[in-house]
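What follows is a set of structures for review.
Here come two complexes built around chain A, the first alongside chain B, the second alongside chain C.
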Partner chain A sequence: MAFGEWMSESKKYIIGILVVGAVLAIIPFATSFDQYTILLLATALIYGIFVVAWNIIGGYAGQLDLGAFAYIALGGIVASQLMIVYGITPWIGMFLGAAASAGLAIIIGIPTFRFGIREVWYALLSAALVVIMNNIFHMPQVLGSLDHYLPSVSGWFYLEFPTYENIYWFVTVALMFVMLINLMISHSKVGYYLRAIREDELVAEALGIDVRKYKLVALATYASILGFMGYVYVVLQGTFSYHTFNAPESIGIAIMGIIGGLGSIAGTLVSGFSLKLIGDYLRGSLGATIPGLNLLIYGLLLVIIGIFEPDGFAGIYRKYFHKEKSASKVSKK
Partner chain B sequence: MSLGMSLGNIILRVDGVVKRFGGITAVNKVSFDVEGGRILGLIGPNGAGKTTLFNCITGVYRPEEGKIIFQGKDITGLQPHVVAKKGIARTWQKVRPFKNMSVLDAVVVGALLRTNSVVQAKKRAVEALKLVGFPEEKYEMLGKDITLMEHKMVDLARAISTEPKLLLLDEVAAGLRPHEMESLANILRKVNKEKGLTMIVVEHVMRFVMNLSERIIVMHEGRKIAEGAPKEVANDPDVIEAYLGTKPL
Partner chain C sequence: MRSNFKKALSKAASITIVVIIIIAIAAGAGWWWATTQQEAIPTTTSFSSTTTAATKPKISVIKIGLIEPLTGAHAVFGIEAKEAAELAINVINNELGGIKSLGGAKLQLVVQDAGSTPDNARLAAEKLITQSHPNIVIGAYISRLTAAVAEVTNRSHTILFMDGLVDDLTQHGWKYVFRVAPKASAHGKSAVDFILDMAKKKGLKVKTAVVLNEDSVFGTYTGNGAVLELIKNGVKVLDHITYPYDITDVSSIIARIKADNPDVIISVPYFHDAILIAKAIKSEGLHPMFIAAAGGCGYTDPDSIKAAGDAVLYYTQTYSFNPYRHTEWAKKLVGMFKQKYGKIPTEAGGIILYTMFTIYEGLEKAGQMYPSDPLNPDNLRKVFLSLDLTDSNSIAAQLYPTGHIKFLPNGDNEYAGTAILQVQKINGTLTPVLVWPEPQPGIQPIFPRPDWKPSSSS
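Entry: the complex of A and B
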């Protein structure tokens, strides 16, 4: 599609992304640079990115992927190790991390989609991927049982800072890019094709859609965004190990995506950001007295959303604030 | 019917197609030709193998024997999306709507087969919806919110928007009321005339096909048992037997 044509179609969404970015950028000033709050916000925001990226495979293409941290951890560890061992700047390492995650996605995706594995079987397979990666990286030849730390350096060259606001702003900019990628997919041929695959694969095939190819495109795009952000995740955690391949958190990403609303950029962002924020806050304040409270809240929300509004936050928004019927409304005039 | 002869106006040739499932032969050495621009009827009782034959033509199944020649090229065993690209579209026995997409978007998906521009595809989708006479005020409704007759129209428009040369309609009248069947037949006639689109109409309701097509093929238990004009076919003893059972002596 011609770029000019695309621009005129999505002008209001682009303005929306800019506004979101601007608002997020000034928040650290409002907290008077309280480091705990900024770390909390940056972590919540990076979860927003993960969930918005998940929207590509889970929301548009309709594949219930439970393997987010296979790609996040792989990309993060690749970039971190490149820096630790070879002194390569994460500005290059993050792209190589993204490439590694995309490569893993393609290796997994080709046979998976070739043999038509979908629905619960795809979900199980992607969940198993995290566990398998966890075990591989647990081997003494790879990472072993130890926690690994990034060297204590600082500066933009290493994307590591004594305080958290710079990394927070970096995450904000990254989020804007990821939303833009989502938007471009949503309004392009790829987006229409992915939604058709989500709705009915057999019909999609009969309409001339190479279902395997488009699923693979969705999976690789999602995986490379996660792989790219992996290094920043490691910086926010301060450490990485085989534990970074975290199966329960991977399922959490999918749950946040569903609660946000499949196919909705704003819904998945709000859901990822707010649920992680609430969850981490509760863990920080009540974690010692009631462990696992954040998981209980996710579960409860999932049940409530499932019963009352299967379209998630996006559906609630449409119902009460916007009298539109369809998420993919087209402006005809 | 020798393969050496020129295909002339023959758009599709099904030649000795066999499809088995385990011990059951669902399609047994079926051969026929489809002339360009015509509407061919394909009838037979339930379980005659009509849908299986459709699935062989569109690449959902790979036939064990025989060939499918489309526009002079062998398309046997190609994948469904490749067959669609070559110009064969289909609709389904049960409507298969895109429930969470708007009517217009569903048809846009079809139109995107021939263009990469969404704006261009929207124009073509609107043309296709107009051709089948879908009410304009409902373009933005979701697939889950429209009636059965409207679903049939959307399925049809979605198939037409891929700009096919041949359209396969699988029991398109199933579940419709008599007057809806009549208006659907009119739509099909209009599409056939205005687009010059060749069609194969599968039905087990004989009446619907009888006044739609000039030539009819009858299948029974996987075999082709009769072929000809509607009148001839209706009076064929084999056909009567297949539909009503053997005449007592």
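Entry: the complex of A and C
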């Protein structure tokens, strides 16, 4: 493959990221600052970030991680507690939260990968991690049973606002960074190693790839992104408690990642964003008239995608993309 | 090749960073613009419906929002709440002719599903507020969902009636919140007060107690309420045990209680754990003076009686709603509920019934107190704070366990209290009956437990 083609491809992705960011940034104006719409979009975008981050461990490295909320909640709670107890701005707290989540990932990752735990066993272990964290934080010495509230303050210092557009823009910028990180991993040495590990771990090891190291890098990157975004998630919740370590939602992140298409940035973003958006929109519009109908429709949607497009949203995208590519080749001739 | 690629990427990355900075600056500028604009917006939007009406009020519909968990683990409560709200609104609109002081204005119910997480509840509240513009909102039973709703309603100056019982919900300085129902610690307090009252009547002395509660936020507040009331009344609390509500083996807890050998046991259960505890207490042969439970669910529910049988005989339980209250409207509405839905309203439905009628009384009074601007949230707040509802002057109080509703400045009911039901054997079948504060006709509370074996120490 020629170098020029590579460069044009990465450029194309970066332009894509910029376009996505610019479009997203304009939306609040288009809705004339309708607070419900902006909150709905912000919530969906955060899930977009979670799923794009999941793509690093689940998509590139091929580890079916079911522990997203262990890292989200830990990072969020660390940043929130730093603010509540020590008055530290979340701008610092979020990085410390990310560090805490990365630390947890490394503590969990070293023995896990050392003992070669993978595939379904890794899935089980990561799912158990959320439950374990939930129980640890439920202990009276940690958070106990009570709900903890963020102080009702507002301003950029606290990253809390009376309206939602600022947090929405913050999430948009964060999303662009996360997509960029994904892109850089995807096109770097690490990305190739991770894909090799995904395809066949034993062969990858035989080729001399330090499997444990690169899986750990993927896990820590994923965890630190989630930990960083944890505080924003807590802001949207208003409260945090041991319930924030939410096992079913963690599995939801992995489902969105799989539906999006393993290893596809665009696919996972579209999947996380749109599935969360559709889910919450259906709850808001149908949930009250026929309770549960929204969940039925949501479930059906997942089944339909699973049957007709096993590669997920990325498969749909690729089909369209390849068509266009071949068409452009024809026109060049 | 790779170094070239890296160079290209870093160039692209630097462009990205520049663009992000530009966007950030634009966002910041937008923020300044938005905040300076929005200083005025909340007041104008929330008052717009009322300021236009200031000269000549013509209100035909008053929107009542209801945000309840209709899906997920707590759906059973939310669905009953919705049923109760529909029934109450139907009665207010059709039998009582709407709000008479507002020209017969009808109430309109707008329902939203609070889902299962606070961000679901927040979205539901935001959708309700921005799209339906309700005058008053009710919600959301589970404390963390209620908190998320309260943040939204309080910011938009909308009155919220909370049916979440956790104490701290009225301690956040939210101005536009009210709660008719007794808070969690009041449940614990009631269970203790009942025991002490009965003991005094029977000439017995309660010296020691053990409190055990499931460790949810509700169970914790309820258990703490009981402990504080025991200490206040000079009863020695030998042990305060907490356990997860989904506990599967209670034998170690029962062994601890047996070793403590208390006069009374106060238990704050959920559902499943209540059955386990009752059965274990029976099989381990504990014979305390009394076993009382607090917190609205557990030993005296029909399902628990079915599952535990004789093991729950003589157990008492506190409730936020008293379906057996002997007042005209309590009998009438419970009868209507039973006819319509085939069951007696429990906690979740009962709270909504008296909350909805409190709102009804408040709106009637608002029409008299502020005829020019009755639905202004600040006026409504003053109206609700001025209410003093009793059995003789209101429907709402007739539905309430203590028969008295008067709000404190933080939004809690000054006369909040619970009813206590006891499982008794009536004509050979185990039946929950009302025993406190006023027993239902033909019923006497059974105290102490007939199988009580006074220990040598007491």
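The rule we apply is simple: the second predicted complex is superposed on the first by the 291 of 333 C-alpha atoms of A that agree within 3 Å, B and C clash if a C-alpha of one lies under 4 Å from a C-alpha of the other, contacts with A are read in each partner's own complex, and residues count from 1 in each chain.
Assume contacts are C-beta pairs under 8 Å (C-beta built on N, C-alpha and C of every residue); 3 or more make two chains touch, one makes a residue touch a chain.
Quick caveat, the model's predicted, so the values are computed rather than measured.
> If we overlay the two complexes on their shared chain A, which of chain B and chain C does A:H187 touch? Say first, second, both or neither.
In the superposed model, A:H187 contacts both chain B and chain C.
> Contact-wise, after the overlay, does A:S145 reach chain B, chain C, both or neither (first, second, both, neither)?
second
> Applying the document's definition of touch, where does A:L277 land relative to chain B and chain C: first, second, both, or neither?
Touch status of A:L277: no partner.
> Touch check for A:A99: first (chain B), second (chain C), both, or neither?
Neither chain B nor chain C is touched by A:A99.
> Just checking: does A:I132 make contact with chain B only, chain C only, both, or neither of them? Give me first, second, both or neither.
Neither partner.
> Give one of first, second, both or neither to describe whether A:I297 is in contact with chain B, with chain C, with both, or with none.
A:I297 contacts neither chain B nor chain C.
> State whether A:I117 touches chain B only (first), chain C only (second), both chains, or neither.
Once the two structures are laid over each other on A, A:I117 reaches no partner at all.
> Who touches more of chain A, chain B or chain C?
C
> Would you check which partner chain A:L202 touches, where first means chain B only, second means chain C only, and both and neither mean what they say?
A:L202 contacts chain B only, not chain C.
> Do chain B and chain C land on any of the same chain A residues, and which?
187
> Spell out the part of chain B that touches chain A in their complex, as residue ranges.
So the residues of chain B touching chain A come out as 58, 60, 79-81, 84-85, 89-90, 92, 96-102, 104-106, 108-110, 112-113, 116-119, 121-122, 140-143, 145, 158-159, 162.
> Inside the complex, what are the residues of chain A that reach chain C?
Interface residues on the chain A side: 3, 6-7, 10-11, 14, 17-18, 21-22, 25, 33-36, 39-40, 43, 138, 140, 144-147, 149, 152, 156, 162-163, 165-166, 169, 172-173, 176-177, 180, 184, 187, 233, 236-239, 241, 243, 246, 249, 280, 283-284, 287-289, 291-292, 294-295.
> Touching chain A in the complex: which residues of chain C?
1, 4-5, 8-9, 12-13, 15-16, 19-20, 23-24, 26-27, 30-31, 34, 38, 42, 70-71, 75, 78-79, 82, 111-113, 115, 117-120, 122-124, 126-127, 129-131, 143-144, 147-148, 151, 155, 166, 168, 172-173, 215-217, 219-220, 242, 244
> Per the contact definition, I'd like the list of chain A residues that touch chain B in the complex.
1-2, 5, 9, 187-189, 192-193, 195-196, 198-200, 202-211, 263, 325-330
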